[in-house]
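First chain A sits with chain B, and in the next complex the same chain sits with chain C.
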Partner chain A sequence: MTIADDIAVPPAPATTKSRAFPTQRVLLGLLSAFVVIFCVLPFILVLAISFGRKIEGAAWVWDFTLENYQRFFVGILWPDEITFLYLQQLGYSFYFAVIASLLAVLTALPFTLLLTRLKRASQAIWLVFILSSLSLSEVFIVMGWDILLSNNSGLPKVFKETGLTAWLKDVGWFQTLRDWGLANPRNVKFKTSDFATILTMSYLVWPYAVILLYPALSRLDPSLSEAARTMGAGRWTVTRTVTLPSIRLPLFGTSLLLFVFLLGSYVAITVFAAPNKHTTAVAIYANIRGSNLNAPFGSTQAIMLLISASVCLYLGHLFNNRAQAR
Partner chain B sequence: MRAFGVIYMGLAALVLAMPIVVVCGAALNSGRSRFFPPVDPTLMRFGEFFISEPVWTNALWNSVIVAIGAATLAVLLAWPIAYLLWSTGSKLSKTLAGLGSLPFAVPPIVFGVGLGFFWAFNGGLGEVWAGVISHAILLMALPMVTISIGLQSIDRSHLDAAATMGATEQVAFRTVVLPQTVPYTISGFFFVLVLSFNEFIVIFFVSASSYATVTLQIFNSLRNGYTPTMAVAAITFLTVSIVVFSAVARWGDLPRLMGADQSRN
Partner chain C sequence: MPGLELKGVSKFFGNTCAVETTDLSFPEGQLTALLGPSGCGKTTLLRMIAGLEDPTHGAIWLGDADITSVPSHKRKFGMVFQSFALFPHYSVRENVAYSLTIGGMDKSSAYEQANTLLDTVQLGGFGDRRIGELSGGQRQRVAIARALAQEPSVFLLDEPMSALDAKLREEMQVELRLLQQRLGITTVVVTHDQREAMTMADQIVVMSNGRVEQHAKPQQIYHEPANAFVADFIGKANFFDGIVKDGGVVIGKNRLQIDANFQSGSPVRVAIRPERTCIVDTPGDNTITAKVMFVRDLGPLREYHLQSDIGPVIAEYAAGENNPDLKAGDTATVHLPVESLRVFPQANAA
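So, the complex of A and B:
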């Protein structure tokens, strides 16, 4: 880099170097070994066990069979009968994750934009609030929404007490809510429903959306939009033609990351989603720790989830590169 | 338009706060119920959570051990990797950093399943120390990022100056690099601490039901029936998070850590 750099490195006396060198080497080796063992080996184990075989009434054995994968795609009774139950579960994983991540990013975007325009000190206060809610466990958040959405407390009760339910019935919208599965004959209900699931999942990643969008938005050059404004562009036009195009990539990247994160969400789905809409993550748990006790098939599902996530990330990466090249 | 902005931010804050407020409020209930607003408010639950109910005090103790252990270990692992990455930029250091962030980047349930098998093979399944290592590995990516940000903020000319004045690499490290990265290291430590405290799915697989942290205990209670003590746990966690992040904001530069532009204030 500079001349000083060249001076800095070589003059280390040979004696200290030869003494220090092996320790550094050993430490580096240990560190690498540690990282490989703990960060990589677990994934390899999952992959290896996904080819294993379950023994009826016992645990499982190592093997190399593709039965589990076959079961994942066409069901256990194939070729006599074909079912897409497991693909459907993966489909629900995608369904919930896509909608929830998009909802989170679209609502977080205006918020973050407003946030970056505040004074530095107020930004820090908001960030503390957002980080606190971000770090709050999935379990607490689900518990909070569980209270808010369950029938005896929370919103349905509020609807009833305030006469909103009666009003909805008068107007005729109540029937629409019933069609959507958001009401029983007497009152609105949110458990179990797609609405509650998506709301909670979206809430879960909303702070992440803000944190991920924040760097890009805080680097937006205000002079650009100011210039556009001076030239007579309306606020909406500026947003559409200057701001949005310049944050297209972070916006896309954020949605993708949140989507991948949500693919594996477990607690919100078990509590809020209807049992026939349970996702692969729930099935993985049921196979590995829960009632089914079929570790190899659980691993297969985990691998399929991992592959889906990787494919999405890879496609996103390709898209990103192409967009940047342009 | 300005008013609209204020309203939007206020609304976002309201929705963000709503479930949290409800959980906290529910802690004051006296019966085994979860009404909001609380019926017959009492502070008894706090005593149960911190002192008298062994189920909760054990869980709290496990959570504290796992979080502090994991945060320490994660920082110790992340430091050399971030330092190598910054000082050499070698292929090995990039590989290590990439592999080190892998567990954090994939859906956590997959890593949880993998660790479950891993510990089952070497006897760590259901041991608290295995939980500590698992969380350290999972969250190592965070101090790696904060420490890297800190290292990048060091003016290389300071190092050149130190070298010109005859400081060896070790001395320069001790006198220039270390002091300037301390706030970032501490931030990384706290990020791991808080996230480990709140992590659920990995510890769920790794603990194998032989011990419970507070989040696990809450999940069990969520399924088996509600006790307001759960809500006390939530309040405790929230308080810890707010205190920790406020400290980071007070003594570190939170907007910068979150990637804000330096040149503007």
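So, the complex of A and C:
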């Protein structure tokens, strides 16, 4: 016999508990079912389909083959020939996402710094304005930029009508623009170009960059930069040695988040990128809903894109941990 | 090292006057405390000296040079901030060596000099630590070492002790004063703690509402306050409001003799320090009758809190002094010596 056996345990308030308990369990069960059906199941289905097999001239069948993954890495002609078309598409996904996210963060940083120095009321107005711009859909924004950059009615037209194109030709910069793919023999052109693609993608995520950077920058102690100034540091030295190192983690986190977000960018790429620079996201759509009708391979590409994003997030997490430990 | 001078300096933020037109001189090698309540403009004044704020009017001179338009990074005044403003992404040594490395000195020499400075502030061996690993007192020392690294001509400290606990604050006040005396740097300290100012300063500038109320040596500020605000802000004082009549001050039914020239009928405020207020056995000139409300024994001091016809009075005696044997409820005769009474016009009263 233990001491515990001797202790009289007071009866639990069973009535109240027995009433509340099933409700909680039912709610929890419903929530779990919701999460499984609407969040986990689609991913499992995509994963399962990625091992399926395409029937030529028809749809696809369930299977367990690694051919789709093999095709992703070495191309459809393997073993006769190795092609890296799909890796190249993934590469372009990274290329556009990295540059656009960095551009967004680099331009949002000085703006947000200035924003944090405004009066509270002005800050609130700006933040509401920036937040409201998030309500615009990607399609709407891209349509706007499409008009702005279109060869017949947008900026190129303005360039031509105002004589800017002629001036660029006179000073010799027009040829440089042609070398960069930003002009045809007659006028400047932005469609299709990496420039327009990256610009539009940056614009898409720019409000996110501001909103993600704002908390860290508004918490930045102004006395740090003032202290640096009193020790002989000029404006640029203060930025380089104090401001940027103080916010390197939020900067990195924001860039990473925007990068992952932009990896899946579809509309901007379809409208502005040259066809030979289309990304994995565009290829996925073409396979699943477009002309190819190869859902298993489209799913494989989606899984590879997901894995790539996860690896980037994990590396970011490692970097973050290491930086915090230091 | 040259002294510092403010000539007609003022500062407005929009329509709000933070610092009224001020003329001040900070003698070479001396420590001056800017003392006043929160919002009195003392930090704004310090920031103007540091070049972090531009004066609206007036000029700042360092020796023979007008430095009003010289940017803060070219003044190279060492400054310790209230929050210490240490760079969390650098080690202690890197913090101290910051001004040297950005000034172009090679890292090994800069670190060597930083180590010497860390020894000076008794933090030798702490060079590799992160800022987050230091206590409040250690952080303050690092901030001081960092500010001194560039060998500043003027050393500025903005409430450097406010983040420290009471005991450490007292220790650091003495340490800072000794360090300043040893280095002989012209130093300006902002504080709202009159005890801190009295401990460290050669001169005190008392400020209120953006105005300099008095600029003098600590003892003079204490014993000869320029106005009722200074008398109230520095140390403790008993105050009585009355009207001047025939060379005395009439307060209710009582009349106190004063040694000051005021026109008859002027409303005045009379002040006397508690340690100058005496409890005597027999009534005489300038005595009032009061009832003991409370006896406060602080160890080295004993305070008698009394209620009289002219208002509440505190009499303070040091331990070992001839303390009157009184308890709450007793009646006492309180003597307010003429020579200890300070009289101020009521318009200037706080």
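Just so it is clear, the second predicted complex is superposed on the first by the 308 of 326 C-alpha atoms of A that agree within 3 Å, B and C clash if a C-alpha of one lies under 4 Å from a C-alpha of the other, contacts with A are read in each partner's own complex, and residues count from 1 in each chain.
The rule is short, and it goes like this: contacts are C-beta pairs under 8 Å (C-beta built on N, C-alpha and C of every residue); 3 or more make two chains touch, one makes a residue touch a chain.
Note that this is a predicted model, so its numbers are computed, not measured.
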Partner chain in contact with A:A274 - chain B first, chain C second, else both or neither: neither
Partner chain in contact with A:V139 - chain B first, chain C second, else both or neither: first
Partner chain(s) touched by A:V46 [first = chain B, second = chain C, both, neither]: first
First, second, both or neither for A:Y203, with chain B first and chain C second: first
Partner, of chain C and chain B, that touches more residues belonging to chain A: B
Chain B versus chain C as contact partner of A:L293, first or second or both or neither: neither
Contacts of A:I99 with chain B and chain C, given as first, second, both or neither: neither
First, second, both or neither for A:R219, with chain B first and chain C second: first
Touching partner for A:L182 - first (chain B), second (chain C), both, neither: neither
Touching residues on chain C, where the partner in the complex is chain A: 50-52, 71-79, 81-83, 85-89, 98-99, 102-103, 130, 146-147, 149-150, 156
Contacting residues of chain A [partner chain B, same complex]: 1-2, 4-5, 7-8, 12, 27-28, 31-32, 34-36, 38-43, 45-46, 49, 107, 110-111, 114-116, 119-120, 123-125, 127-133, 135-148, 153-154, 203, 206-207, 211, 214-215, 218-219, 235, 260-261, 263-264, 266-267, 271, 281, 284-285, 288-289, 295, 298-299, 302-303, 305-306, 309-310
Residues of chain B touching chain A in the complex: 1, 5, 8-9, 12-13, 15-20, 22-23, 26, 34-36, 77, 80-81, 84, 92, 96, 99-100, 102-103, 106-111, 113-118, 121, 133, 137, 156, 159-160, 163-164, 168-169, 194-195, 197-201, 204-205, 208, 215, 218-219, 222, 230-231, 233-234, 237-238, 241-242, 245-246, 249, 254-255, 258-261, 264-265
Contact footprint of chain C on chain A as seen in their complex: 221, 223-224, 226-234, 237, 241-242, 245-246, 248, 326
